[in-house]
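A short write-up of the structure that comes next.
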Amino acid sequence: MLTIETAKRILHTLNETMAQNQDRLIEIDSAIGDGDLGLTMSKAFRTADEQMADADEDDPGMLFAKAGMAMAKAAPSTMGSLVATGFMKGGKAVKGTPDWDAADVATFFRAFADGIMERGKTRPGNKTIVDVLDPVATALEEAAGRGADPAGVAQAATEAAARGEEAARNMTSQHGKAAIYREQTVGKQDPGAVAGMLIIQGFFSVF
Amino acid sequence: MMKKFINKPEAFVDEMLEGILAAHPDQLRNVADDLRCIVRADAPRTGKVALATGGGSGHLPLFLGYVGQGMLDGCAVGGVFQSPSSEQALEVTKAIDGGKGVLYIYGNYGGDIINFDMAAEMAEMEDIRVETYVAGEDVASAPKGEEGKRRGVAGIFYVYKCAGAKAEEGADLDEVKRVAELAGANVRTMGVALSPVIVPEVGKPSFTIGDGEMEIGMGIHGEPGIRRGKLLTADEVVQEMMDQIMPDLPYEKGDEVSVLMNGLGATPKEELYVAYRKVAEILKGKGISVVKVYVGEFATSLEMTGFSISMLKLNDELKGLLMKGARTPFFEQAAL
Amino acid sequence: MMKKFINKPEAFVDEMLEGILAAHPDQLRNVADDLRCIVRADAPRTGKVALATGGGSGHLPLFLGYVGQGMLDGCAVGGVFQSPSSEQALEVTKAIDGGKGVLYIYGNYGGDIINFDMAAEMAEMEDIRVETYVAGEDVASAPKGEEGKRRGVAGIFYVYKCAGAKAEEGADLDEVKRVAELAGANVRTMGVALSPVIVPEVGKPSFTIGDGEMEIGMGIHGEPGIRRGKLLTADEVVQEMMDQIMPDLPYEKGDEVSVLMNGLGATPKEELYVAYRKVAEILKGKGISVVKVYVGEFATSLEMTGFSISMLKLNDELKGLLMKGARTPFFEQAAL
Amino acid sequence: MLTIETAKRILHTLNETMAQNQDRLIEIDSAIGDGDLGLTMSKAFRTADEQMADADEDDPGMLFAKAGMAMAKAAPSTMGSLVATGFMKGGKAVKGTPDWDAADVATFFRAFADGIMERGKTRPGNKTIVDVLDPVATALEEAAGRGADPAGVAQAATEAAARGEEAARNMTSQHGKAAIYREQTVGKQDPGAVAGMLIIQGFFSVF
């Protein structure tokens, strides 16, 4: 269900998604952080799209890994580096598979989520992007297990992302700039979780 | 209204670095064709443990200002209040490694940790041994018992100074790291701010402090402090800060300390000395002796009005290392 | 609104001095039971020409900050922007004279001249030989041809440095005075300010500069400059200043110079380096080579926003003296 | 006409004069200087009066010289030091004379004015206190020459002072902080000249 063309289309879609949502992310990050997330996400994904569009590469895993490296260079903020890590770890986990099936997509996001947890020294429940990505990985594993078609896989992922983002709102920030505000973050959206949901929505919109 | 001597805001950091490299070509150079990868002009120094740091711009002399003899070997420079990239940290690491490994020393901020951890992994893949010490000593940023959550601020100067001196002596990586940890464990800092800053690319203050107000415990990016209130006299402000610092380690009768009075940017040295007068009085009253006092700008936040007090409790080892000479473009000290 | 860390405004200068003496007892002490008479801790140094300075407070490191090894021997300290008294200057003179006479070096301000002249006469009556060099190098303060009317500003640092190094070599009073004159004749300065200052005892700004405005050529007490106008880019400001400085001496192709980028108080070092980038570009374009660059705060005006550029044209003698080591509480330089 | 009692009375009167005129001097000095003159003059003369009131001294010349030294210490501004110099030089010039006649008073002010000119490296015409003191000395010499009585001497001095202060208004400042404003000082009162006139008025009000 996912070839090199799909992968490039995904990167292009994510570039558009982040450009469109730049102001929204700035606003959400301003409430409990420093407000830069809209800029770093749009920069990260614009760079990835631009550098990968004409890449002489036919392995989707390698393409995503290289996209991650491009992001790390272009947008070294917390989320820029975490998302870059996700793409690198996810891509490497499915390396060598020219056409991914649902199980490969699940493997990609499991490695993506685990990579971020390891890099960020965190786990679900701390009001981060992980609270979106971890349930998404689980939902993808489950969908692949029951043999869902691409549309079903996409639906499972986006629904899990939305539920995860929603759940994160009631958590207390434990990391980064938001952690300073502790209890005051309860009830507010987590900027990283919203960015994670946008990634999932953009990624699966191509199916 | 932004009253700054700049050209294009987005060129601010790179033009600053061009200025620094133009001013101090005998002491600093950049590597990897990237202005933001700064190393000692004579790097790598074979047979010496190399020390690297990094962090956002807007805090001069932090971070790159301590690259030089007796202190650090390299620095990865981020945008204003932004982490440098892992790749920049890696390039610095490669350029300074003299075969005895590299110690990362930087402040406890999420973005920096993530990027330096990534750099460390990449460096290990290139067979460079890397160890890390994350500095955090701002007592206002997390309560006693949660020291690991504390922000790194001006006190990192002492960690650089002591670890840098140890490396210069030829100690191995584990020894240098031990000294960094020892210095870090014995330093505490507390700040106070009277006015906000303007990040050039943002163009307006990121927070406000009312006329006649101060914020005790504010971080160097404007992170909220312990208490906001009416601006008190210098003596009252110092007393309140010392009341937080002293019991935290604690600093006790008979101790020997070094004190660092750090201006945050716009506060005149005159006021730092008025404040130090009270610090000296308090320490004297407690029976604590002061060995070496630093007064000036060591870790700033652009044009923020305010200052911080850092204290390093000395033992013989730290004292000996602190007294060693150092020479960087921003800090010189004769051996004492 | 006065946002300062002070106690009683009228105690500001004395409390600052108490802080300085408490912080640097190994390097400085006061004499004549007067906090405002500051001398080197090891004064008098027998067999060395002694150098004294003095002037108003509010300009740290000026003036007392340059009292130390390789520079000055003593300083008479006035109130904020006020001259010290002739008696204070005399007490300093008596405390530092090591038998080879005393050279006064201070800035060209009426009150200081009168008081130091009085002190010199009283000192001669006590058989201390005194010579005087009055520094004035601010090109904005009087036109070429009327150099004697110029204000002394940051460039006095070079006079202290070169004359201090000469005295340290054991030269006699006439020789040290000759070097002071030589350095003074080869230095030019120009400043720019963006914001006024508040003298603590006055409590409100003594002049105003509008939002978005700058004043090129303003003095360190807010003396009017050459031109007030819209704040330009750093490059444009530097170009305008260099256009005044360069032809004044003049500085020409093939010359070797040292540059001093001096922050007036609130301007971050980052901006000084952005400005230096342009200075370096201009000098390179003119074929002038730069030997040693100083960037930081050397002569301030409390919390004024702004900076000055000073240039010293070097010959072999001045270059050699500039490179000598120095160590004061506010300035350290390893011998180069 | 001037004994140790007169001299002490003069210092006391001058203390009162400067206290009363403090705000006026601040205002005049603010217009073309830094505004401190009111404070330095009242401080200088308050100190002189306080320290000399009980002085064990019977030589008026020595009393004035010591008053000058007290002023120099207490108020080291331009005018503080210049006026101090005037009292020191004037006092020394008439030293050893327990009861001054008109000629002694003229000698005092001639030395007073010349001392200031020497110390300030100036001469009449530069819009300073000297433009009051120099004509006063001349008028005193003339009054002494024609054998005027104390009241006549006093009148000659105060009239010369007023004329001198008036004349100084049309001059251009050449010294100190006012010199920066050059042409803009024309038509404005010189703060030092006004202080000089107050000194003369106070001094001769006791006769």
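For clarity, chains are labelled A, B, C and D in written order, and residue numbers in each chain start from 1.
In this section, a residue touches a chain if its C-beta (ideal position, glycine included) is under 8 Å from a C-beta of that chain, and two chains touch if they have at least 3 such contacts.
Just so it is clear, the model here is predicted, and its values are computed rather than measured.
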Distance between chain centroids, defined by C-alpha means - subunit A, subunit D (Å): 84
Separation of mean Cα positions, subunit D and subunit B [Å, integer]: 57
Subunit B and subunit C, separation of their C-alpha mean positions in angstrom: 29
Junction residues of subunit A - those touching two or more other chains: none
For subunit C, residues that touch 2 or more chains besides their own: none
Chain-level touch network, classified as line, ring, star, complete or other: line
Chain-to-chain touches, reported pairwise for every pair that qualifies: A-B, B-C, C-D
Contact set on subunit B toward subunit A in their complex: 78, 81-88, 110-111, 113-115, 117-118, 141, 149, 206, 219, 221, 223-224
Interfacial residue positions of subunit A with respect to subunit B in the complex: 34, 36, 72-74, 76-78, 81-82, 85, 119-121, 175-177, 179-181
Subunit C contact footprint on subunit B (complex, rising order): 1, 3-7, 12, 15-20, 22-24, 57-58, 60-61, 194-195, 211-212, 231, 233-235, 237, 261, 265-277, 280, 293, 295-297, 300, 302-303, 305, 307, 325, 327, 329-330, 332-334
